[in-house]
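Shared between the two complexes below is chain A, which pairs with chain B and chain C, respectively.
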Partner chain A sequence: MTETFYDVMRRQGITRRSFLKFCSLTAAAMGLSPAYAAKIADAMENKPRIPVLWLHGLECTCCSESFIRSAHPLAKDVILSMISLDYDDTIMAAAGHQAEAIIEETIEKYDGNFILACEGNPGLEQENTGGMSCIIAGKPYTEQLRYAAKHAKAIISWGSCASWGCVQAASPNPTGATPIHKVPDLGNAPIIKVPGCPPIAEVMTAVITYMLTFERLPSLDRQGRPKMFYSQRIHDKCYRRGHFDAGQFVEKWDDEGARKGYCLYKMGCKGPTTYNACSTIRWNGGLSFPIQAGHPCIGCSEDGFWDKGGFYNRLSGINQFGVEENADKVGIGAATVVGGAIAAHAAISALKRSQNKGDQA
Partner chain B sequence: MSTKTKNEQSVYVYEVPIRLWHWINALAITVLAITGYLIGSPLSSLSGEAYEHFLMGYIRFAHFAAGYVFVIGFIGRIYWAFVGNSHAKQIFLPPIFSGKFWSEVWHEMKWYLFIAKEPKKYVGHNPMAIIFMHVMLVWGTFFMIFTGLALYGEGAGFDSWQYSWFSSWIIPLFGQSQDVHTFHHLGMWVILIFVMMHVYVAFREDIMSRQTLISTMISGWRTFKDNRKD
Partner chain C sequence: MSIIQTPNGYTLDSSGTRHVVDPVTRIEGHMRAEVNINSDNIITNAVSSGTIWRGLEVILKGRDPRDAWAFVQRICGVCTGTHALTSVRSVEDALGINIPENANSIRNIMQLSLQIHDHLVHFYHLHALDWVNPVNALKADPKATSALQQQVSPHHPKSSPGYFRDVQNRLKKFIASGQLGPFKNGYWTNPAYLLPPEADLMAVTHYLEALDFQKEIMKTRTIFGGKDTHPNWTVGGVPCPINMDDTGAVGALNMASLNQVHQIIKDTKTFVDNVYIPDILAIGQFYKGWLYGGGISGSNVLAYGDIPDRANDYSAGNLMMPQGAIINGKLSEVHPINLRDPNEIQEFVPHSWYKYPNGVKGLHPWEGITDPNFDVSSAKGTKHNIEELDEAAKYSWIKAPRWKGHAMEVGPLARYIVGYAQGHEYFTEQINYTLKTLDVPLEALFSTLGRTAARALEAQWAADQQLYFFEKLMKNIKNGDSTTHGGEMWDPNDWPAEAKGVGFSEAPRGALGHWIKIKDQKIENYQCVVPTTWNGSPRDEAGNIGAFEASMMNTKVEVPEEPVEILRNIHSFDPCLACSTHVMSEEGKELVKVTTGPIGS
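After this line comes the complex of A and B, so read on.
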């Protein structure tokens, strides 16, 4: 019989009490009613583990770093055994041909029934130029990705790289880095985006737990992100929100406002435009999150967050004019030109009018 | 055009709802532009305890309230385009397939470039004004209403009608929320430039054209200054 999560957890020395705690915490994190804790426990006790192939493209491994730090004690010890993580070149023991053989084996054994977790994205430019980059076992990553994707039940796009493109896709994107959902010829497996640079560890584990418990994808928003974690902005649940509404802002680093923990809006905080769960779940076991540490949110779970001008500017940069501008600079510039034109036109009009009057007289 | 042989002839052009909308809309735009600017670049930080103040809250409230006035006013204006007199439709439906219309636009351009000696007479807007208002005001208003409600829906939440009708498709269309903010902000400048030109031209035409403008938007009656044809 295939090992269940519960078996694995017990084997790892986790008590039933802590196991049930994990289930109720996960239910709470996913915004489910307490009744679901039992359902989760039931699923974990009875359902076989989901095989997962975890592929790495162009990325920095921060998603893996986050994932293995999933802070809940149970998750921390067990998460890697919970899912049947068959292939993850960064942290697996096997290497070389032995490692690559696992992909084949998983696809054969669980064709259409495994989850493909993508960390990072492929650089498609090499397909046009014939260049070589991101080579895994002698083949471009793109090939590995396409092959595995066509046999997968579902694809999870871990992090902003796989979801949106992230830094390697930032302008001018020399490698043609392309987020998973935009890669052509990828088959029809549904794609779940879990953006963030990296995504929150508990969010990552909860998405997998949900898929195991309910045997379906979590409910996604229009952009393919799980609604339970990406339906609110950082700003909506920020503990500094009171200072925002009051009009109390940090004006510059280390000023009085910064010491008092005022709102970081003027320091370029992207909390008001960023959908993520940092202000509720927080990081490192609920210890803190960037804003709590006194730094504005840089909006790392949003599409193209590298290309919106400085992280410390409230208004986005507009670079279409060849120089660094923002909406106000463009607007004031245009208004000045129009204002000047109006003044000149008014002056000529007045002149003409007085001339005409002179003619008539 | 009437052929009464009076020294001055008057026509009733702008019905009460149109005039009411015009001035309410002007007020709403003023409030929206000021508060909108202050949302993008807030006033200096206030000291003291957070519970003593609600400055940003009031500024945002004023923006949202004026925004709803702007939206509802525009819906009313569209309704009046259907039930009002023929002039009420003008800015919504420029007769772009009419050759006469374009030749009049051309004439109006020449008048503004000081080539034509005299403008023509128009009961409603002159043809260039129709194009100007259609593009900058009508489309500008649509743009600001759609992006504005999309941003409002983000705060109202996933289960709000603003979110499902606007935010859900407008935010991904632009890329992300920050981009919608930027374009909404640029839209403000488009509307402000419209206002600058509109006010200038209204005064200029009031003085130099052959018909009244400013008093027309108050009383509704267009008075011609001469009774020559065209």
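After this line comes the complex of A and C, so read on.
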């Protein structure tokens, strides 16, 4: 039998009683009558794990490496119990045509009902001029990407490569590296950007578990990033913010200010213009983040951060006390909600159907 | 016609059936392998092709050398940090910057933690499924598995029959679901898998344990570098200041965070000693008759060395990882190497998708040129659907680096062979113990199994050296030195108008070098020659095959349609294709235009 959500919860020590209570609460949270609790329970007990195809284009695999460092949930539990990671060339047992056959099989069996996770991006310049800079099974990666994208329920753009282009797209972008949402002829699946080089592990697993738990996409900002993790600047929640406001700065490496943990703004910190969760969720199980370890933020979750001047050059236009005004201009689009959350888990289909029936009755 | 004799001693016969493996999975990046297999199922011709190109060093041109580490760190997220370290070393070499002792100790701990993490994850999550059959583990008796565990590793606490029964039940359920995830379409009925069910169950259990534990190893890097993957580095030292007892200590490295580093280092050593090493010996016991895949390890190996004991001294005598080259299997003679000598390390492109100006053959990295030239006109298939590559023409995005004209193997096995030849005490003791335990001769080392074992031994060595550098760091702080950055030459106005330097390290998968030229405070040229460029190189002008191709040669394949043995040999190098395939042009602009040859359809 398939290990379902219910099985996972039971295995992790949750009693049937607690599980049913969880289902009631979920029903209440979704504005459904208590009768739907049983239907939710049924869906969670019996639906298969949602298939995920995790494709790799031009990239460095730092997103996968980050993903496996997730402390909660553990990567092991995501892979074995929450999703069905049917294709991921970095860890899959099969190779060659046996590997490629899986994409075909998944599309046949789960057309429109799997998640496409993209790490990296395609180099379109090479292909446009008759070459290939990323070859999979003898063909351009773009072909594999397009094929899978057109049949996917939703696309997750992992990291800054898939979201923005990242390092290979930095000037002069020799391969014509193109972020996923700008690749032509990709179909209409919604795209969730989870930028960062890499993204924080627990943010990656949270995006997946959010979709599985609530059976919808997270709310996205105008740029397509989950609002819950990308709507505030690192500077907004930085524990060194008090030193910024007090005018206490690190002036050079390892000076007295550095040893006292003063603000790194003058060392080039990009925290005031970078939307990410580093200063709140922090890294590797909440252990630290770049500023805490004495290095200025390099802004790795921002579009085109490689080409915004040197990492150690002070941001201009950031006024010490007028910071809100200026930085708000920088991130002006970020507060806009993108509506139309879509169902992302196979289980939602059952729920929606029952909901519609309920409406008709 | 179809038989070629290579200068490095291989007979390539392409008359047998051609088999293509693309993609080669469980590696970093993208690669393709093609082999010819004769009627006895022996590989008689092997072709390896790097199938990704990102052009990263082109992008570096004209940038601030102090920023370069962040760009080149993104060459690879698996060996994360090793490129950054090599980059800051190249800039420090060019500008004559010295770093403080504490920075050296911290950098070494970070580099060693990478070796351990990378080796562990490589073995369990990229390589193990070439030796371990999770489906066969379902047949295991949990009691017998428990007994096996207690026999091979008496100190590992997770060894009860109930524990193994739980894992087996989870696995049963997973497999019975029909949603096999990463195990889907594996080669689980292939006779190449030799472990008894109990050993399979033990190894699968450790696949999961290692997946949980690996994230702990890297936490030292989060404390020193702020995040992992891709922690932060800086030219001239390390970014993290030390403040043991003054106001604001909580904003710096302090007693609490250093205690945590200490604990992680100790736990890492325990895991390597109690799980990784015993597993290698246990699995090795069943596969010691399968000694294919040695390739050129028995003849030509190269190590740059790494882990300077004292700061700023990169001479062989101060490096705790060995440096040197061995040619033609002559262990009695370890050749010194010089990364600055234009005649030692050179890169060739006759079989790579690049072109050099007329008359140019090999180029030293400081003078390197990269002009992409994708051409598959003589391959079978079309330009966007390659069926079979033509190894007589260009067939890879990887260049062919050579040391004094020789194809060389780099990596943990190369380091262990060089160390053994030099009488490196720790390495020699480990090698002798392993050979004795498995009851095999020294020659067994020159194999895929030897490569896999060397990686585990090196993780064990690195776990001990982490402790050494932690103690050294604490001692230095105790003696009153808390400096982590000297601030020397940070201001570009202090730099000479022109400078060039080389930084080197031993990445988990082998010797890594970065060559930089600085002009008017900007990067004029930046070249990386990385481990997988050495190991995965295509043929050179003279016809020498590289380490990947050599490792596949003469291997017996049980079921030609199922490439278990090919994967086993290739994986033993821990290939990193994103690393291997980007080099920079002196005239970066040309790179935007891509020249393609006449393409047949």
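Descriptive notes on the structure:
Note that the second predicted complex is superposed on the first by the 260 of 361 C-alpha atoms of A that agree within 3 Å, B and C clash if a C-alpha of one lies under 4 Å from a C-alpha of the other, contacts with A are read in each partner's own complex, and residues count from 1 in each chain.
One rule holds in what follows: contacts are C-beta pairs under 8 Å (C-beta built on N, C-alpha and C of every residue); 3 or more make two chains touch, one makes a residue touch a chain.
These figures come from a predicted structure and were not determined experimentally.
In the superposed model, A:A246 makes contact with chain B only, not with chain C. In the superposition on chain A, contact is made by A:A93 with chain C only, not with chain B. Contacts of A:D236 after superposition: chain B is touched, whereas chain C is not reached. After overlaying the two complexes on the shared chain, residue contacts for A:N188 are found with neither chain B nor chain C.
Looking at the superposition, the partner that touches the larger set of chain A residues, chain B or chain C, turns out to be C. Applying the stated contact rule after C-alpha superposition, one finds that A:F311 touches chain C and leaves chain B untouched.
The intersection of chain A residues touching chain B with those touching chain C, taken from the two complexes, comprises 262.
Listed in rising order, the residues of chain A touching chain B in the complex are 221-223, 227, 231-233, 236, 242-251, 256-257, 262, 265-266, 270, 272-275, 299, 302-305, 308, 314-316, 318, 326-328, 330-332, 334-335, 338-339, 342, 345-346, 348-349, 352-353.
Chain A makes touch with chain C in their complex at residues 1-3, 7, 11, 48-49, 51, 56, 58-66, 68-71, 74-76, 79-80, 83-86, 88-96, 98-102, 123, 125-127, 129-141, 143, 166-168, 170-175, 177, 197-198, 200-201, 240, 252-254, 258-262, 278, 283-285, 287-295, 298, 300, 306, 310-312. Taken together, the chain C residues at the contact with chain A in this complex read 20-30, 32, 51-56, 58-59, 63-64, 66-67, 70-71, 74-78, 80, 121, 125-126, 129, 170, 173-174, 176-187, 208, 211-212, 214-215, 218-219, 222-232, 234, 236-237, 239-243, 246-252, 353, 372, 374, 381, 383-387, 397, 482-487, 490, 562-563, 567, 578, 588-589, 591-594, 596, 599. Partner chain A is touched in their complex by these residues of chain B: 37, 40-47, 50-57, 59-60, 112, 114, 154-155, 157-158, 168-169, 172, 175-179, 181-182, 185-186, 188-189, 192-193, 196-197, 200, 204, 207-208.
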